[in-house]
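You will see chain A twice below: alongside chain B first, and alongside chain C after that.
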Partner chain A sequence: MSSEGLQRGYAILKEQIDAPTASYLSSCVNCGMCAEACLFFTETGDPRYTPIHKVEPLKKVWRHEYTFWGRLSKALGLSKPVTDEELAAWSPLVYDGCSMCGRCSVVCPVGNDITYMIRKVREGLAAAGHAPEGLVAATRRAITVGSPMGVKLPALQAQIRHVEQDTGLSVPVDVENADYMLLLSSMEIMNFPEFIAAVTRIFDRTEVSWTISSEAFEATNSGIQIGVSDLAAELVQRVVTAAEKLNVKYVISPECGHAYMAIRWEGPNLIGRPYGFRVVHILELLDELREQGRLKLQGKETDRLTYHDPCQIGRRGGILEQPRNLLRAISDDLVELPGGGMMNWCCGAGGGVSSNERADEIRLRAFNRKKSQLDQIQVDGLVSACSNCRIHIEEGLEHNHIDLPVLSLTELIEKHLAD
Partner chain B sequence: MSDTEFLLLVRGPLFTLATVILVGGVLIRIAEILFMGRKKSLAEARGSEASGGFRVMLSRSVPDADTFHRSGFTIISGYVFHIGLFVVIFLFVPHILVFERAIGLSWPGLPSNIIDATTVITLIAMLTLLIHRIVDPVRRMLSGFQDYWVWLVTALPLITGYFAFHRVGVSGAWMLAVHILSVELLMITFPFTSLSHAFTLWMSRWYNGAVSGYRGIR
Partner chain C sequence: MKPGLTVGETLRAHGVTRRGFLKYCAAITSLMALPPSSLKAVAAALEAARRPSVIWLSFQECTGCTESLTRSADATIEELIFNAISLDYHHTLQAASGAAAEAAREQAMHENYGNYLLIVDGSIPIADAGYSTIAGISNRDMLLETAAGAAAIVSVGTCAAFGGIPAARPNPTGAVPVSELITDKPIINVPGCPPIPVVITGVLVQYLTFGLPDLDAQGRPLAFYGQSIHDRCYRRPFYDKGLFADSFDDEGAKKGWCLYKLGCRGPTTYNACATAKWNNGTSFPIESGHPCLGCSEPDFWDTGSFYHALSTPTEAIGEAAVYAAGGGLLIGAAVGAVHQRHKRKAIESHRKVSLDDIDEGAAK
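Moving on, here comes the complex of A and B:
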C-alpha cells in the first residue's frame, strides 16, 4: 500500500529524530503562540500555517516509533501511520508557508526550536518526492551547473571584467595563499554586481589579501533549502575543496542569509569534519576592519535609514551588533524596525520560498508584515545584507507602489570610504 | 466499603502506586529523550552552549514586548493558572503535611482562605484557556483528545479539593478520598502526556539555547 517514496520519506523522518526533537515534541502543549510569531499566519490568518502544525508529520513518526503509547498502539494496529497524501499535503505548509526565519523558535514558551524541526520535515518530504518543482530545479542546477540560477564561470568573468573597468582595480581570481576567499551568491553576480565592485574597492583600501575561486564561487546552497543533506554536503564540499586548494585562511560569506547558515553553521556537520579555514561573514569582517582602524569612513548619510536583519544572519546567525556598528559610523539618523534585531520579522522570501514559484502569491502576502512595519517608522531608505531579502523587499515595495530605496550595507559602506 | 476504608485505600496503596508511576514514568521519559542523543556541532564555536542553554532556560519565561502584545491572553491566563497551581499544590498547609510525610521536608504555608481564593482564580484562568482552545481557530485545530484530557485531569483535583474543603454534599472522608483519587489520576497521566512539559521544557529550553549560545547569539 505504501509507495516507495513514502517509505523513503518515512525512513528519513525517523532518522531525523534526535534528543532535542524528542524533547521539543514532548514539551509542546499546543498553546498556539507560535502562530502569532509567524508572518505566514499573521498575514493570512490561516491556522494551517501555525509553525508547530507544520511539524505534524515528524510528530506522528516520533509518536509511532519512539513513544510508549505510540509503539503500543502501533503493535495493536490501532494508530494510523503517516500517509503519502499527508506528506504531499504538508509540502505547501513547510516549503511555501515557511521561510525558516526562526521567529517561532525564539517565542515558544516551552523553548521548542520549531524551525529546527521544520528543516527536518523538509528532509522527509524531499526524500518522499514532495519538494516543490522550483526548488528541485534550482537544486539540480546547483549540482550540475554550479549555481541555482544557472550562473556559469563565464558570466562571473564577464562581471569581473566590468568591475575591473569601473573600479580600475584588479579582481584577484585563484590567487593561492590569499588570506580571504570571497563567495558570492548568484543573485549578486547577476543582479547586484555593484556588490563585487564595493568589496573590491574596500579590500583595496583596507589592504585585505583576497581572492575569488573560479572553481567554487557560489555561496548559496539549495540542498539546505530543499532539505537534502547529501546534496547540501556536496555543495559545501566544493567550497571546502577550493578553499583548501588555494590555502586561504578565511572564507567570506557574502550578503546572503542562508548561504551564511550553510557554510558557517551547517557545513562542517554536513561534510562530517571541521574546516581547515575559518568562515566570516562580510559584515563581521567589515566591522572588524573598522574596529582595527583599517576601514576608515567619512561623511554621514542624510537620509533616515533602518536596517532589516536577514534572519539567518541575525536571529539564527548571531550577527546583530556588527551591522549596527557599521551603520552608526555613517548615519546619525538610524531607526530600528519594530522588533529590529533578535525579533525582526522576515521579509517573507527566505528559506527557499523565493525559488519556489508555487509560493509567489503567499510570499507577497507575507511581505505585508514588512510593509506595515515600514509604515510605522517612515524611513527614507532600508539597508540590509542579503540579496534575497533585498530583491524580495524591492518586489514587495513595487507591488505596493511604494518608492523606497533598498540598499546593501556593504555597498553603502563603500560609498563612505575615506579618501 | 466504608468511607474510611475507601479513604485509607486511596491515600495508602493507591497513592504509593501513583507515586511509583509518576516518578518511574518521568524518569523513563527523560531517559528516552536523552538516549536519543544529538550530534556535536563541528562548526567553529563563537560562544558556549552552557551560557546560551542556561540563559534561555530562564529568559524564555519572560516574553518579549511584541509577543506579549500578540499573545497576551495566552500568556496572562497561562501565568495565572501556573502560579495558582503552584500555590495551591505547594502552599496549602494540609498538602505540606503530605509532603513532609513523604520526603521529610516542610515549609510555611498560606492561610486557607487565600488558598481558597487562589483555587477559584486558577479554575477561572483554566476555564478561559479552555474556551480559548475551543473558540480560537488555531488552538482548535491544534488540539486533540489529549489536550482536553490533560485539562480535565488538572482541573479535577482543584474542583474536588474545593468541594472537600467546603464539605459540599457528601461526607468529608468520602470527598477527600475522591480528591486524592483525582490527584492520583493526574499523577499517572502526567508522565505519558504533554503534562510532562513541566520537566521536558527545561531540556527543550536548554537544547534551543545551547544552539544560540554556540553561535554566539544574544
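Moving on, here comes the complex of A and C:
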C-alpha cells in the first residue's frame, strides 16, 4: 500500500484521539474481561479478537503522539511508528471480527468504551485504504446512488404502488408539514416491503400524520459502518436537509440497528449542530401510541416467542422496555434469550460485517452463540427489530438446518391491530 | 548428651511417649502444609535423624528469641526437640563460662567441621567492633569464624534475619543481618520478634528431615511464611465487608471488626501467627484486639507509627506533598497544553476523506 495512504490514515488516527480515548487507553488494566464479552473471541477462541487488542494501532498512535515518554522516544528515534502492514493486519480484526455490538464496553470494569475506540480505528484504516472491499463498494453506492444496495427512487415507488394496492391505503410521499418522516433501510425496500405495508396500516389506524421523502428515504449509513465521518456526515446531512425542507417534527428510524445509531446519536455530532426535528425509533413511537391508547391491539399469539435485541437499538440505543411492552400486549408466552436485554448477544453480522464478503465464514461461526441460545429456550418464533439481524439469523438458521420463523416486531404488531 | 544418638532415641531417653512424638509430628506436618499422608514419612525421618551438632551464637539481641523457645508454660515437646539436638554452645543456656565455654565452641567446630548447624540470634555491629564482644572476640569475627565450618545457618529472630531493632534508624552500631556478612553458606531466615516457638523447631525438624527448605524472596521457609497474616486472619470476613474498628474502644472494636484502620500490618506480613498461634496455641495478637506489627518483615521498625493504616504516609510529608502536588499540576497542565495544541493542529490539518481514498487499497 502507498505511503500516502498510511500518512492519511495516521493523520486521521491522530485527530481521532480525544480526551475520553486518552483516559480509556491509560486506564486499561489488561484484565481481559472484554474478551469473554466478545462473540468473535468466544466463538473462535482466537485471542486476536480480544476487543481491546483491536484498538492497538490507535493505542500506538496515542503513545507516540500524546504521551510524554512516547514523544520523547519518538524524538530520540527509539520507537517505531505504526506501519502500513500493521494497519492492514488489523483490518480483519476490526471489520470482520467486530460487529460494534458494544458488549465489551458494558463489561469493562474501568468503564472504557472500547466500541467507541474500535469505531475510531476504523476511521484510520478506512482513510489508509484498508477497509474491506464489500464495505467500500456499499459506501460508494450509498454516496453516489443513495443506497448501499443500489436502491433508487423508482424501486421505492414501485414497492409503494404494490403496498397501496395491497392495503387500499395511500402512502404519503413528500407531504410538507407532516408530523413524522419515515426512513427505510434498503433491505426493507428490497427484502421486507411488508414492513412498509405494516407501517402504512398502523399509521392509518392510529391517525399519525406521516410522509416519506423522495429525496432522502434511505435510513442506513455506510459511512458509519466503514468509519468515514466525512462520508457519514454527508449521508446524515441528506436526511436533515429533506426533513427540514418538509418541515416535519419527527424523523422515524426504522427496523435497522446502525441506522438508529447514525441518525439518533452520531448524526448531530457529525454535522456539528442540533437538528430542527427529533428522532424516534419506530418501536418508541409504537409503544408511545399504545400507551396513549391510540394503538389498540387484539388477540394473542399462540406461539412461544422470544425477542432478539438488536445491539444498536437495545444495548447502545436504550430501547429495551418498549419492544417488551409491545410483545407482552400480544403474547402471553414470551421468553427471554439467556442474557436477553441489556447484555443480549449479537447475531454476529452487525456493524458492517454483513456487507463484507471477507467475513462470511466468521459471521456464521459467530452465529453459533445465537444458535446455542435458541437451543436452550426452545421457541416457536424469534422476533426482532432489525432487518440485518433478521437476514443474518435466517441465514444462520438455514445453515444449521433449523426451521424457525424470524419475525419483524412492527409487522407482528400490525397483525394484531384491533378492528 | 551423646552425639551419636538419633533424635528418636534421645526423645525416648527423656521419657517422651510414642503418642506424644507422633502428635508433635502431626502438628509440624500440618504446619508445613504437607498432606496428612506424609506424617509417617516425617515421623520416620525424624526418628532416625542423627542429632546434629548445633552452635548457637547470640549477638546484639534481647534474648527474647531464646526465651520464646525455652520459656513455654509447660515443658513442651518443642523444648525437647530443642534438647534433642546436640547444642554444644549457647552462652545463655550453657553452664560453662569464660575460657571453658569458648573451648566448647572450638571443640564442637573442630569435631564437626563442615557439618554443624549454626544458629544465630541478634544482629552484628560493624560500625565499631567494640560495640559487642564475647570473650574479647568481636561479633563479626566470631560469626565469620564459626560460619566458615557450618553446613547451614539459621538466622533466628528479626535481628539476625533483617537487622531488627538494633538496625533501626539511626542505627548507631551499624547493625547488619547475618546475610550481609555471609554469602557463601545457605541461610534460613526465621524472623519474628520473637519467632513462634513451634516455627523455630519446625524449621529445625524440616532441616533434619528434608534438608534445606524452599525459601521465599526474604529467605524465609515457605512452609511457615508462605501466607500473610491477613489471608489467614479470622477477622478477614470483616475486612471483605468493609467493617473496620476506627478506634480501640468503639463499637467496631468491641464487635471484633477488622483492625486495618488502626494500623494492622497483617496484609503485608508473612508469618504463621494466625494459624500456629502463641502460648501453646492460645491466641495471636489480633485476637486480643491489637493490630499486627509486622515483626517478621524487614524494616518493620522504621515504617512509621504502628497505629497508622497501611495506606497512610509513614512520615510527615505535609509541605513536600503541597509542593509535589503543585509541581505535578503545573507539569500536567504544561504537558496537557502541548498535547492540546498538537491535537488542534491535527484537526485543523484534516483533509476530507473521499471515496477514492478509501477505494485505493480495497481493490487489491
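In the analysis below, the second predicted complex is superposed on the first by the 417 of 419 C-alpha atoms of A that agree within 3 Å, B and C clash if a C-alpha of one lies under 4 Å from a C-alpha of the other, contacts with A are read in each partner's own complex, and residues count from 1 in each chain.
Operating definition for what follows: a contact is a pair of C-beta atoms (placed from the backbone, for glycine too) under 8 Å apart; a residue touches a chain by one contact, two chains touch by 3 or more.
Because the structure is a prediction, the values reported are computed rather than measured.
Steric overlap between chain B and chain C is present once the structures are superposed on chain A.
In the superposition on chain A, no contact is made by A:L169 with either chain B or chain C. Shared-chain residue A:I17: touches chain B and chain C both.
In the superposition on chain A, contact is made by A:P268 with chain B only, not with chain C. Once chain A of one complex is fitted onto chain A of the other, the partner contacts of A:F68 extend to both chain B and chain C.
In the superposition on chain A, A:R8 contacts chain C only, with no contact to chain B. Put chain B and chain C next to each other and count what each touches on chain A; the higher total goes to B. Once the two complexes are laid over each other on the shared chain, residue contacts for A:E133 go to chain C alone; chain B is not touched. Applying the stated contact rule after C-alpha superposition, one finds that A:S105 touches chain B and leaves chain C untouched.
Judged by the touch definition given at the top, the superposed model places A:I52 against chain B, while chain C stays out of reach.
After the shared chain A is superposed, the part of chain B among 76-84, 94-102 or 184-192 that runs into chain C is 94-102, by C-alpha clashes. Note: residues 17-18, 66, 68 of chain A belong to the chain B contact set and to the chain C contact set alike, using the contact criterion stated above.
Chain A contributes residues 1-2, 5, 8, 11-12, 14-15, 17-18, 65-66, 68, 88, 126-133, 135-136, 139-140, 143-144, 226, 228-231 to its touches with chain C in the complex. Against chain B, the residues of chain A that register as touching in their complex are 17-24, 26-33, 35-37, 41-42, 47-48, 50, 52-53, 66-69, 105, 107-113, 116, 264-269, 272-275, 278-279, 315-318, 320, 338-339, 342-343.
Interface residues of chain C facing chain A in the complex, by the touch rule stated above, are 335, 339, 342-343, 346-347, 349-355, 357-363.
Listed in rising order, the residues of chain B touching chain A in the complex are 28-29, 32-39, 41-44, 46-47, 56-57, 60-61, 63-64, 66-67, 70-71, 74-75, 78, 133, 136-144, 147, 192, 194, 196-197, 200-201, 203-209, 211-212, 215-218.
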